[in-house]
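In the two complexes below, chain A is the common chain; its partner is chain B in one and chain C in the other.
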Partner chain A sequence: MVNLIINDKPVTAPKDSTIYDAAKINGIKIPILCHDKKLKPFGACRMCLVEVEQMKGRQIPACTTPITEGMIIQTATPDIIKARKLVLELLLLNHPLDCPVCDKGGDCDLQNLTYEYQVNSNRFVDSKFQHKIDYNNPLIERDMNRCVLCGKCVRICDQIVGYGALTFIDRGIETKIGCEFEDGLNCEFCGSCVSVCPVGSLLARPFKNKARFWALTKHSSVCGYCGTGCNLTLGVKDNKVLTTIYDENQGFHKGQLCARGRFGYQFINSEKRLMTPLVRKNGNLVEATWEEALEIVTARLRGGTSVAALATARLTNEELSLFKKLMIENVGSKNIDHSGGYAHSALTEGFTRSFGTTAAPSTILDIQKSDYLLVVKTDAYETHPVIGFEINLAVKNNGVKLTILSDKRGKLSKLPDARTAVHVPGSEVAVLNAICKSILDQKLISATAASIPGFAQLESALAAYTPEAVASQSGLTAAEINQIAIDYASAAKALILFPTGLAYAGHNAELASAVANLALLTGKVGSEGCGVLCMNEKNNSQGAVDMGFYAQEDGLNALKILDACTSGAVKTLFIAGENPLASYPNSAKVKSALDAVECLIVSDLFLTETAARADVVLPACSYAEKEGTFTSTDRRVQYIKPAIKKIGKSRTDFEIFSSLIVALGGAAPASPAAEFAAISAVTPGYAGMTHTGLGVEGCFAPVEVKPAFVVPQSAATPVEAGKLALVTGSVLYHNGTLSQHGEGPMFVCPDAYIEMSRADARNKTIIEDDLVTVSSPSGTLQLKAKITPRMPEGVVFIPYHFPAAPVNKVWSGSAVTMVTVAK
Partner chain B sequence: MNPIAPIINGLSITLKHMFMKPVTLQYPSERPKVATRYRGLHGLKVSHSRAKCVACYLCPTVCPAKCITVEAGEDSSHNKIATRYEIDMLRCIFCGYCVEACPVDALKMTGEFELANYSREDFIYSKERLLEK
Partner chain C sequence: MSNVVAQQTEEVEPEVDLAKANQVIDKYIDLPGNLMPVLQGVQDAYGYVPRKVADHVAERLNVYPSQIYGVLTFYAQFHLKPRGRFIIRVCVGTACHVQGAQRIKETFFNLLGIGHTETSADLRFTFEEVACLGACGMAPLAMVNNDTYGKMTVQKVDEIVAKYSTIPLN
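Now for the complex of A and B:
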């Protein structure tokens, strides 16, 4: 701690503080315009001028000056106030002063400072800027006439997002913020720049003109898309979620969001939301009352083991736990599952046998504390962008080394000094085994590894995975594999990350065990900055696993449930929020299962492709309308409460399951809080948690590891002459099929496409945007071609989120599908 | 006191008034002269044949009766305009704060005081009815 005197008051502050930080910690406000605590100090605006006695009373910027012992600082002398007023006068000289039409009015730093410092007139005269306003994209409007050149947008896009879309162009009075060729912004639309812009230069167009900042009620919540579990603030007016509001103090990510979190909220108040229950009569779905619909459902649920349930991992923990109770205790069936039954297998099978737990033994906070990151698939950025920002910060600020093991390149590969080992699709388990083998051969294992059960079996099984042998089938060189082994094993702290999800069939129990072996062999589990992070797809994927909402004992898993529907063993299928027709592999098979089942009950926000085939459709609520908890991918349990009233006659799934339990003669919990009390009593790691106790920060559920070595089975990598290897996955702007109802995601990425290498495109004389036919044994699909340098020759990529062009027509659930692509 | 005097006094006043100009206004055949700063029905000012209002949301914010509804939008050249502007006259207390708050002098209060209507809906004045003619 350093001692100093600010405004005649003796204070202390940490050694690495700036004057601004020191004042802030001690409750002294210094005005800022260009400073943001997430970004490196810049010193562009001179609003934060202070006087330091030791510097002969010169005025220096507080945001860039580090403190020293014994500094005597004045923050608000008449001279400083005069200087700040001058700064504002000069800024207002060219500023258009169009607050009445500017959307930032009410939330604008320049407006607030002008008011605070009472800058009512201007001694100078100059003309206003006449820059052209960028209306080229539907999400972000750029009006450089209002810009105060604070550089925050440039810095956040570069330092945190790592995209670098914006920069200062021209010089002197002509300086402005520009993008590539000044041709309209075309970036990943995370909206980070909008969130930090202190004035109305960068505006979120989906919210533009909708309301003034002060008219919004702010509700803090948790993003309803992916498993990162970002905190966000919803801006609500007239029972409508109109925007997401930036709060730099929220969450580990300090208010950073990705494109879907920031711009994908429109599904909440979508016109297409289901408003009333629907019941099939004479072949048509017609509106019905809740009593009528629930009566039919209750009657059908009396079917014992001929009833099965699929839930989406977007329900709250309380809902999933209640759904499980309904099925097991009141219906008497163990046929419950989520996420296709395989997307959670890395946790429920892989980690269970390797770590003795169903959760990852690391947290997102470990990323920045590590020394070395091994990321399986560049898709980790697309599936969990805010975790991607953390990786970016770790690499750029902390010098963390990054290696990516992937079947294609991607944004992560572009980070400074990142190494990408591009392997043949489907060979990742073999490669990881070879890395383990190399670690064994080079005697890089930790002292304790040999005492972990299963070591001998692993050692002998790995004999077949010499780097040389794997090199030939994986397309890597033995030297590359050995290098990764050395880098990983010799790092003091190392973390492995891999995404899971419906589109990542290969990221299963085998892959989980393969990475677990690697961490266990080198002793990189259980300490800070070390371990394995399984990045789950949906906002409550981890919760669904923790609640045990998956097939256990003799229960059928998701794919077997669908088979049993076709065979007639399952007669009633209750689907809460999943859309298997669009997201599960092999749509033809799913379709015949849904057609064959006697009674299909669907609760959902929308009339999805699956709901349209149902016999009873129950309108459910979005996360903004309910109370409960979500568990993020690193087991942060977070509490959400309703931000708006329920839409139409919709009910929360919690209410639906409660009424069904009562109708079947059981006793339902009084409230989500009561159900959570029951959950915390039985769920490992949740002990002692309560809704009120979780607070705004949430709580980590601790993970206890009981290590064991398991021999992971590597799949053979398919090769067929003339065919291309299809890998499926997520795109940055979407998550599951829910984001199809978010305006932002659909503006930026409205359709599915097939991404291929330049070489393959040349061979097949395909050019960008050509309509190509993709065929596999399970079907054909027509898609637009997108030709990118990131794809290796022989590999094509299709994202899975789009029911309009469902990849599951050609993809039947294998990690790699061989397809023919023709014009 | 003479008991007759007050009666005479009273009658003389009555008589005097019979020859004076009546103070009551013969409404509706006679119209009152409204003071220039009278606060009657609102009017949205027009300039260059379009409403001056830029939908800044300040008048609905300041209105103590919360009776102004504004929805903003853009015209084809990205100018901000009020796509909806409504005042609920049943709730308005004619305080004139809205006029005072307007940063672009787009709103005024006219001398129009005949605001009676037959149904509640008719008291909600839309943008078209408020635009100055």
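Now for the complex of A and C:
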């Protein structure tokens, strides 16, 4: 700590602080336009000028000047105030005074400082800027006339997002912010630039002219898309969620969000939301009362083991726990599952075998504390963008080494010194085994590894996986595999990340065991910055597993439930929020199962493809209307409370399950809090947690690791001449099928496409946007072609989110599906 | 990146052969801080920096395309449009101004049909007025590429244009 005097008051601050930081932590406000605590100091706006006695009273910027012992600082002398007024006068010289129609009004730093410093008139005269406003995209409006050139947008896009869409163009008085060759903005549309803009230059178009800033009530919540568990603030007016509001102090990610988190909230107040229960009469779904609908459902639920349930991992822990109770205790069926029965197998099978627990042992916070990151299957960015930001920061700021082991390149492949090992699709388990083998052969294992159960079996099983043997089937060289082994084993702290989800089928359990072996062999589990992080697809995927909402003992799993529907063994299927027709593999099979089942009950926000086939449809609520907890991918349990009142006659799934438990003669919990008390009493790691005790940041449920080595089975990748290997996955802007009801994601990525390499496109004379036919044994699909440099030859990628272009018509659900692609 | 690209009007740029750009990039690829020499090199090779070349440099050097554009617009030395074979610079600094630079300039305008920073359609001439060429004793002054013409008169403008109009372009 350093001692200094600010405004005659002795204070202390950490050694690496700037004057601005030191003042801030001591409660002294210094005005500033170009500062954000996530960004490196820039010193552009000259508002934070202060006087330092040791510097002969010169005015120096507080945000770029480090503190030294004994510094004597004045932050508000008459001279400084005069200088700040001058800065404001100069900024206002060219800045249009259109505050009454500017959406930033009330939340504008320039407006607030002008008010605070009472800049009533301007001594200078000059013309206003006449820059053209960029309306090229539907999400972000860029009005350079209002710009104060603080450079925050340029810096956040470079330093955190790593996209670099914006730059300073020209110089001197003509300087402006823009894209290359003055194009309109065409980026990932995460809106980070909008969030940090101190004036109304960058605005969220979906929010334009919707409400004045001060008319919004702010509700903090947890994002309902992916498993990262980002915190966000919803801006609400008249029971409508109108925007998300940036708060640099919120969450581990400090307010940073991705495109779907920031711009994907419109599903909450969508006009397409189900407003009332529907019941099928004479073949048509017609509006019904809750009493009528629940009566039918109650009667069908008396079917014992002929009843099965599928739930989405977007329900709260309380809802999932209650649904499980309803099924097991009141209905008498163990046929419950979520996410296709396989998307969670990395946790329920892989980690159970290898770590003796159903959760990943590491947290997102470990990323920045590590020395070496091994990211498997995707680059983490396209599935979990905010985790991608963390990796970006770790690499750029902390010099963390990054290796991506994937079947295609990704955005993070471009990071400084990032190594990308592009392997044949489906060979990742074999490659990881070979890395383990290489570590064993080079005697890089930790001292304790040999004492972990299963070591001898693993050692003998890995004999078949020499780097040389695996090199031929994986498309990597033995040297590359050995190098990853050396880099990983020699790093003091190393972390492995891999995704799970409906689109990442195939061998998740095996993959989890393979990475677990690698971490256990080198002793990189259980300490800070080390371990394995499994990135789950949905906001409560981890919670669904923690609540035990998956097939156990003699219960049927999701795919078997669908088979049983076809065979007639399951007569009633209750689906809460899941849309198997759009998201499960092999849609022809799913369709025949849903057609065959006697009674299909669906509770959902929307009349999805699955709900449209139901006999009873119950309108459910979004996360903005409920109370409960979500568990993020790193087991951070976070509390949400309603931001708006329920839409139409919709009810939360908690209320629906409670009513059904009562109707079946059981006793329902009084509130989500009561159910959470029951959960914390029985769920490992949740002990002692209460809704009120979770606080703003949530609590981590600890993970206890009982390590064991398991031999992961690797399947050989099929090779068929003339065919291409289809891999599916998540596209940056979407998550599951819910994001299709968000304006933002749909504006940016409205359709499915097939992504292919330049070489394959050339061979098949396909050009960008050509309509191509993709066929496999299970079906045929027409998609637009997208040709990118990141795909290796022989591999094509189709995102899975879109029911309008269902990839699951051609995708079998295995790790790799061989397809033919033709114009 | 997305469908937004379709909405933007694509400026038609002549086909450029990237081989020359690759030669320049290969020469500097391992040099730290290689962006400036590469951009100067490609400008020498093409006479200006075509957009396709800028995008290619961005991809090969792993620099954001926006950042390259920022550099290109910051420095006056870079040109984003094709330039003429002969760059005519007429000084309009104080000494040249009092010696009648305005008339020299206007005569060039009238003869060539191009104004400040413009290039003739046949890519023969580019005209620029400059603040000072540092040879005030020779005012009024003009330069064509590296040739200097002092004590300019309206007649000399005719001669200069005639001289450079007969030189083959390639």
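Just so we're on the same page, the second predicted complex is superposed on the first by the 820 of 823 C-alpha atoms of A that agree within 3 Å, B and C clash if a C-alpha of one lies under 4 Å from a C-alpha of the other, contacts with A are read in each partner's own complex, and residues count from 1 in each chain.
In this section, contacts are C-beta pairs under 8 Å (C-beta built on N, C-alpha and C of every residue); 3 or more make two chains touch, one makes a residue touch a chain.
In this text, all values refer to a predicted model and were calculated from it rather than measured experimentally.
Per the definitions stated earlier, placing chain B and chain C onto a shared chain A by superposition produces no clash, and the two fit side by side. When the two complexes are overlaid on their common chain A, residue A:165 makes contact with chain C while staying clear of chain B. Here the apex is the CA centre of chain A, and the angle it makes with the centres of chain B and chain C after alignment on chain A is 80°, in steps of 10. When both complexes are overlaid on chain A, the residue A:100 reaches chain B alone and has no touch with chain C. In the superposition on chain A, contact is made by A:188 with chain C only, not with chain B.
Once the two complexes are overlaid on the shared chain, A:133 sits against chain B while remaining clear of chain C.
Touching more residues of chain A than its counterpart among chain B and chain C is C.
Applying the stated contact rule after C-alpha superposition, one finds that A:215 touches chain B and leaves chain C untouched. Touch criterion not met for A:791: it reaches neither chain B nor chain C. Taking every C-alpha of chain B against every C-alpha of chain C after the fit on chain A, the minimum distance is 17 Å.
Within chain A, no residue touches chain B in one complex and chain C in the other. Every residue of chain A that touches chain B in the complex is listed here, in rising order: 99-101, 105, 133, 135, 208-212, 214-215. Per the touch definition, chain B reaches chain A in the complex via residues 54-58, 61, 72-74, 78-80, 103-104.
Every residue of chain A that touches chain C in the complex is listed here, in rising order: 136-137, 158, 163-171, 178-181, 183-189, 414, 748-751, 789. By the touch criterion stated above, chain C contacts chain A in their complex at residues 1-5, 7-8, 11, 51, 54-55, 58-59, 62, 64-70, 73-74, 80.
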